[in-house]
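Should a chain be cited, it is by its letter among A, B, C, D, E and F, assigned in written order, with residues numbered from 1 in that chain.
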Amino acid sequence: MFFHKQELQFKATPDKPDPIFARKLQEVLGGQYGEITVAMQYGFQAWNSHLPGKYRDLLFGIGAEEMGHVEMLAVMIAQLLEGGPKDDAEDAIQDPTLNAVISGGDVQHAIVAGAGARPVDSNGNPWQGSYITCSGNLLADFTSNANAEMQGRTQVARLYHMTEDKGVRSMLAFLLARDTMHQNQWIAAARELQEEGYEELPVPSTFPLSKEEREVSYQYWNFSDGAAAAEGSWASGPTPDGKGEFSYHDGPTTSAPMPPATQPDVNLHGTMPLSKGPIAKAAGAVKDALT
Amino acid sequence: MFFHKQELQFKATPDKPDPIFARKLQEVLGGQYGEITVAMQYGFQAWNSHLPGKYRDLLFGIGAEEMGHVEMLAVMIAQLLEGGPKDDAEDAIQDPTLNAVISGGDVQHAIVAGAGARPVDSNGNPWQGSYITCSGNLLADFTSNANAEMQGRTQVARLYHMTEDKGVRSMLAFLLARDTMHQNQWIAAARELQEEGYEELPVPSTFPLSKEEREVSYQYWNFSDGAAAAEGSWASGPTPDGKGEFSYHDGPTTSAPMPPATQPDVNLHGTMPLSKGPIAKAAGAVKDALT
Amino acid sequence: MFFHKQELQFKATPDKPDPIFARKLQEVLGGQYGEITVAMQYGFQAWNSHLPGKYRDLLFGIGAEEMGHVEMLAVMIAQLLEGGPKDDAEDAIQDPTLNAVISGGDVQHAIVAGAGARPVDSNGNPWQGSYITCSGNLLADFTSNANAEMQGRTQVARLYHMTEDKGVRSMLAFLLARDTMHQNQWIAAARELQEEGYEELPVPSTFPLSKEEREVSYQYWNFSDGAAAAEGSWASGPTPDGKGEFSYHDGPTTSAPMPPATQPDVNLHGTMPLSKGPIAKAAGAVKDALT
Amino acid sequence: MFFHKQELQFKATPDKPDPIFARKLQEVLGGQYGEITVAMQYGFQAWNSHLPGKYRDLLFGIGAEEMGHVEMLAVMIAQLLEGGPKDDAEDAIQDPTLNAVISGGDVQHAIVAGAGARPVDSNGNPWQGSYITCSGNLLADFTSNANAEMQGRTQVARLYHMTEDKGVRSMLAFLLARDTMHQNQWIAAARELQEEGYEELPVPSTFPLSKEEREVSYQYWNFSDGAAAAEGSWASGPTPDGKGEFSYHDGPTTSAPMPPATQPDVNLHGTMPLSKGPIAKAAGAVKDALT
Amino acid sequence: MFFHKQELQFKATPDKPDPIFARKLQEVLGGQYGEITVAMQYGFQAWNSHLPGKYRDLLFGIGAEEMGHVEMLAVMIAQLLEGGPKDDAEDAIQDPTLNAVISGGDVQHAIVAGAGARPVDSNGNPWQGSYITCSGNLLADFTSNANAEMQGRTQVARLYHMTEDKGVRSMLAFLLARDTMHQNQWIAAARELQEEGYEELPVPSTFPLSKEEREVSYQYWNFSDGAAAAEGSWASGPTPDGKGEFSYHDGPTTSAPMPPATQPDVNLHGTMPLSKGPIAKAAGAVKDALT
Amino acid sequence: MFFHKQELQFKATPDKPDPIFARKLQEVLGGQYGEITVAMQYGFQAWNSHLPGKYRDLLFGIGAEEMGHVEMLAVMIAQLLEGGPKDDAEDAIQDPTLNAVISGGDVQHAIVAGAGARPVDSNGNPWQGSYITCSGNLLADFTSNANAEMQGRTQVARLYHMTEDKGVRSMLAFLLARDTMHQNQWIAAARELQEEGYEELPVPSTFPLSKEEREVSYQYWNFSDGAAAAEGSWASGPTPDGKGEFSYHDGPTTSAPMPPATQPDVNLHGTMPLSKGPIAKAAGAVKDALT
């Protein structure tokens, strides 16, 4: 269970309101790689975990931290909007240009939330459960987590350059540091999983390799005409999983004819050879009598 | 541009129809980590690429392969549905139980598509653009790609156990092998990016570390009460980015008071201290006169 | 069935076009609490109603009114856009700033709808069926309806301050009055349901209270550290359902240990203790032989 | 910020696995009125709150409890799935009927989550941010909260009848009791807001009534032909807001002519009188020369 | 405005309950081409119409009919569910197979709606505003309408074969006839628009043809290797718009080199040649000093 | 399978960056009728096709062309964004107005994609699988295709007027020409299907007309009060399907009474006559004892 404390992990107060930046900040609150995503992702990975001990503890330990980041961003956005609506409602009316410019913010911040944060991204798309990843395979999931922290830190870095507000930048500097920590942490955890023998490449490692079509397991097939793809470490040399050798091929090494067009039940009324002209009419007549 | 050839990369024909398995197979066609996702993801990464040469060629080279996997799965699903609707429409009516059982398939396969594949997952959720990742930072994006291939191969492995159809299993064996290749490929490419000095950890490496809150960049904060989290390689020792040393802390090392409740413009009609009783009435009267 | 009359319930013509306000007005047409929501919500509640007589008649009687509000807003928006696109297409080109400012409107109003209203909210999110509530329990549903009218009237009030167009304000004044009516109406109807003995608190009243965990039915559990929560009428005194007495507790009064990590089937390839090192290899070998 | 404890508020362990009930239980985890919704809804209301003191403390105090309910349901679902996939993968293959029947569960539980809970409803629709309500007006929002607890308790009650598993029923009995508490709590809080003079009906109470079209503020307009609607307390007598008297009308008391068809810019290429025949051709020629 | 009459256009009562067919029927109520779609589509086309007179009257005249079809389907579905839940809750518990089979229905029919129709499709996806088409160009929109009636009638025909319930079939027979009418109607209206000179092919006819790249306006480019595409009437002969002659080409007749990789601002932290090794470090140092 | 060539079908390079137009252009890349839609739509129609020969070849032949259009637009958008973010990040900070104006672009272009194209529409809604149509009935589907090309060409024409960039206009001129081709092509193909006897009106032509309610198959029912609807070719004269004669009726010619309110299982806890007062209490007591 979760317990709340009316404190933040770090100061989250802007120097002054800025409704347009409030909109931009929504991305790292409610976007594909925002804090709601990681809070929920680590939560579900913990609840569904099959490994007791340190890995599950790790997932529990960081999940609650991320819920606190959700809170920090929401509280920051609410403050960035504090003065915004006033202008929007009063001054803006006298000044249609300003009125329009202010629309560079998220208009639902005013109309729907009355100057509050929302569970949406910077374009107003609602957060959704399909953003998270939780497969039960921890090597896959920790790789997903590492990616999430990389995408997240990249977005925060971009936002840093879009404001000069010292209060906002200070909070972003905190989030950047925690994303640095979490990138390192998931990479370390993925490495440890392999060192301890729980998983290895390719994921999932418990599926017998002999069941896959091994001849094509390490072939690079170039389906475009860019010749430089042959120069990469993915085109020759040993493979990262230590189980093969890369080779380069200009296009596929296998092929099969396209299967013939399917002929499903006539009661689905698709267009088929059968449905042509007199045949179709007869078919109709028969069904007429029978159906 | 793209050119199509009426051949498949591998045989994709089932031994016999199976509408229930057709539904399950939709997951790896139109799900979060299905083939549409990777085809689009590698395509957008290529089109938006800032690096000429082998990395862009790699993205172009594999993107078109994945579009071919979309095709293989669609063609397979259409064949799995070939006989299905017939039973559904005719036999099933006499046999209500079977009628219901067949609903274990995707009913839209029959009602909407007339025995055809659809751009949806195994629960019928339409594929959506928010599944893909393309940030312009290739170390982040290749990590995302590696994850996508891990999740994808895990799903294909699970599906393999859910059928005994030799034709289906043969195609899945092919997809498993290509996922093995692509996991290895993206890991190799991510490694090469770093070895060649394009990127390093933490991502994005071009954001000056001195701007982040460095004191908390390598601290593990345990926000749960599972003590085993202290045993992991993420709690002590050198960090994977080679720039710090992990330390373990039972909870956060920083904190800040919760900011006071915000007081936005009265024209947004939120509930505020001001809105209480006589004050509110007076405020109303004033606005009444003025607005 | 429904019959249409080419009249509106109230004048809905702006003094002059205003594409930016047209975008804002979309919220109360196609947003979470817009008119499409209430029209559909009351419609489905009527069609699914289990009570004959005055309650079903009420739902039918107001549902059609709301469809008329959808129409009024659509017609108003189309007129607000009448001159807008002209500027957008011609003057704007010469004036890049204005061109950008005009983007404060909904660009799909021009590109997709050719200066027409759309079934979307003020951020362009399409209206969706998951906005509506219809449970078959009328006390719950009338409470939902009262809420919808409260949220709706709040949004209309906010929009009122964002324009000075007398034609628009006049229509908003009409909608505000009807929302006043409908708030009162649903509160009256919810009260009547209880007075007549159809429902009582807690909802659903037909579920036997003895089946719920009665010891915790009236305990306020404070999961945060804000002590003022103890001062509210929800922390002591008789409960609104007349069946108990509130009590205040600093945290939960019950607890249970976290269940152990689950161990699902190995064919799902999750990471489990079993999957570690030699054991996993053996498992793989066995499956290799058997599967 | 949030702190996690590896305990549950109540025992959440089933007597035996049941993948089909696991699917049904997803509704109250990730559905429109599931626990994610209330956890997020109370969280955002707290973070955006404009009232310091007991009301904000209340929102903080219950928000964290609901996150714990999310956890209880996730943990329960994972256990309900523990044995399920085994049958699905092994026995089911020999028994096609059972295979299909098991599809009555959520197939993504196996394929995507590897026997884990997911942030989706019982039909597999991902949870989304548009489920929550947070307007900043607490009388409206507390009414929304009361409705959410009513809908939620109704759904839990229905689920109670769909299982005989004592472990599951015991947890549902706990959730039913907490929903009883929370219904009472929000009703008490909404009442207190009004008694203390922060808000009154109609919501929002700070918008001057004189600005709305008062003549139609208390008229019931019957847009259907069910005469019984005239018998309700919404058709005559004093209104709940204490500011008027209901009256009944068979249809609207106001009306306005439908505005003429709009004539937007020709560059939007809509079909207009202007676009007809020779006129259009001439227009085209002119634009040809000018554009 | 809309007026409701408590009558249906045609009898909509099943012989007996059938929750599984209720689920299937949702497709033509709340699916992509269900009745909500056409009701809303014709409504928005009417409200946004730029042509006064018979075309706008037509849109108004049919829009209200379709709202009546929404009602017929909702009422039918509610009746199909009338007995269903009983079995689900009571008998089903004793009989796990039946319990599962009944899950072939839409579980939200019971859990969420309490045996009521819902604004969703047969897979439970909520209806959404992005299903409708309304561009302001009536030739395009009437073509969309004709398609909607074709898709709709095809789905109803498929559903007809999936039930033997005489009451249901009778209602479907009515809907099939109305779809026949509406297909004919939209085709007639599209023809009339052209005969009266409002629009012609290609749509939009008011865009000057001289502005498009006329050399490629009538060339069929074969991007696949199926030679039979050359045999169609789209590969030679006069074009339907009467303004050209088709020609067949094996692939495109134009081409342009792929533009070089883009080089956006360094503050976006994408991976660029610049970001490599020492250069990146220097860049970082510079920014460190300046930003 | 698909093969990629690092060339475009036509030059796609703007004269200069324009992030605001980049946003607008997203509509025809990732919108309801954008190029992803047609590429996927023709692909799925090909993969699911039941007709071998020229019709399937046609679908394959054009599908790959449209994937190339997706690429052209993505590459164009990336270039339009090339200079944009620079201003956004640096100059804009000094100039808050400009900062806001730049928000007229898609802020996710910078924050999420780092100056790259995205699979979304001009309002940032992600592309989704529910945009495509593929029913297996080719006359319906080719009509849908014709509509898609009409809507698409209309949107491109509107965008043409919104820019003066010669590079952009040149690419739009190419797309306009190809849309002209594809409109003509689908109309020709739909005609040929009918001439060759594969399909006829009404769609689906294989459903026996005798099974539909023929009396109402050609009646125009006017559900609104616009008398001009009687003047159209849909109100009298022969029908386009050649099988009937239109007639005009002021309202429906058939009707049925509204069915009584449904009475589902009591365990669903809906509000029913039964649930009233003492009866409900007794019912509760009984269930209490039994459940």
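Here, contacts are C-beta pairs under 8 Å (C-beta built on N, C-alpha and C of every residue); 3 or more make two chains touch, one makes a residue touch a chain.
Remember, predicted model here, so these are calculated numbers, not experimental data.
A.B. asks: Through how few touching steps can chain B be joined to chain D?
C.D. replies: 1
A.B. asks: Can you check which chain pair, B-C or C-F, has more C-beta pairs in contact?
C.D. replies: Output for the comparison: C-F.
A.B. asks: How big is the rotation relating chain C to chain E when the fit is done on Cα atoms? Please round to the nearest 5 degrees.
C.D. replies: That pair's rotation angle lands at 180 degrees.
A.B. asks: Suppose each chain is reduced to the average of its Cα coordinates; what separation in Å results between chain C and chain D?
C.D. replies: Measuring from centre to centre gives 6 Å for this pair.
A.B. asks: Using mean CA coordinates as chain centres, what's the gap between chain A and chain E in Å?
C.D. replies: It comes to 27 Å between the two C-alpha centres.
A.B. asks: Go ahead and note the Å separation of the Cα centroids belonging to chain A and chain F.
C.D. replies: 26
A.B. asks: Return the residues of chain C touching two or more other chains; collapse runs of consecutive numbers into ranges.
C.D. replies: Chain C, residues with two or more chain partners: 1-9, 32, 48, 55-56, 60-61, 63-65, 68, 75, 78, 88-90, 101-102, 104, 110, 112, 114-115, 120, 123-126, 128, 130, 135-137, 139, 154-155, 157-158, 161, 204, 207, 211, 223-224, 226, 252, 255, 262-264, 267-270, 291.
A.B. asks: In graph terms, with chains as vertices and touches as edges, which category applies: line, ring, star, complete, or other?
C.D. replies: Graph shape here is complete: every pair of chains touches.
A.B. asks: Would you mind writing out the residues of chain E in touch with chain C in their complex?
C.D. replies: That would be residues 1-9, 30, 36, 40, 43-44, 47-48, 60-61, 63-65, 67-68, 70-71, 74-75, 78, 112-120, 126-130, 132, 134-137 of chain E.
A.B. asks: Can you list the chain A residues touching chain B in their complex?
C.D. replies: Its residues touching chain B are 6-13, 32, 53-58, 60-65, 68, 75, 78-79, 81-86, 88-90, 110, 114-115, 125, 128, 130-131, 133, 135, 137, 139-140, 143-144, 146-147, 150-151, 153-155, 157, 160, 170, 173-174, 176-181, 183-185, 187-189, 191-192, 201-204, 207, 209, 211-224, 226-234, 239-241, 244, 246, 252, 254-259, 262-265, 267-270.
A.B. asks: How about chain A: which of its residues touch chain C in the complex?
C.D. replies: Touching chain C: residues 1-6, 48-52, 55-56, 88-90, 92-93, 97, 99-104, 106-108, 110-112, 114, 120, 123-126, 135-139, 193, 196-199, 204-208, 210-211 of chain A.
A.B. asks: Which residues, counting only chain E, touch chain A once they are in their complex?
C.D. replies: Result: residues 154, 157-158, 161, 267-269, 291 of chain E touch chain A.
A.B. asks: Residues of chain A touching chain F in their complex?
C.D. replies: 20, 23-24, 27, 31-32, 101-102, 104-105, 121-125, 154-155, 158-159, 161-164, 223-226, 251-252, 255, 260-264, 266, 268-273, 275-278, 280, 283-285, 287-288, 291
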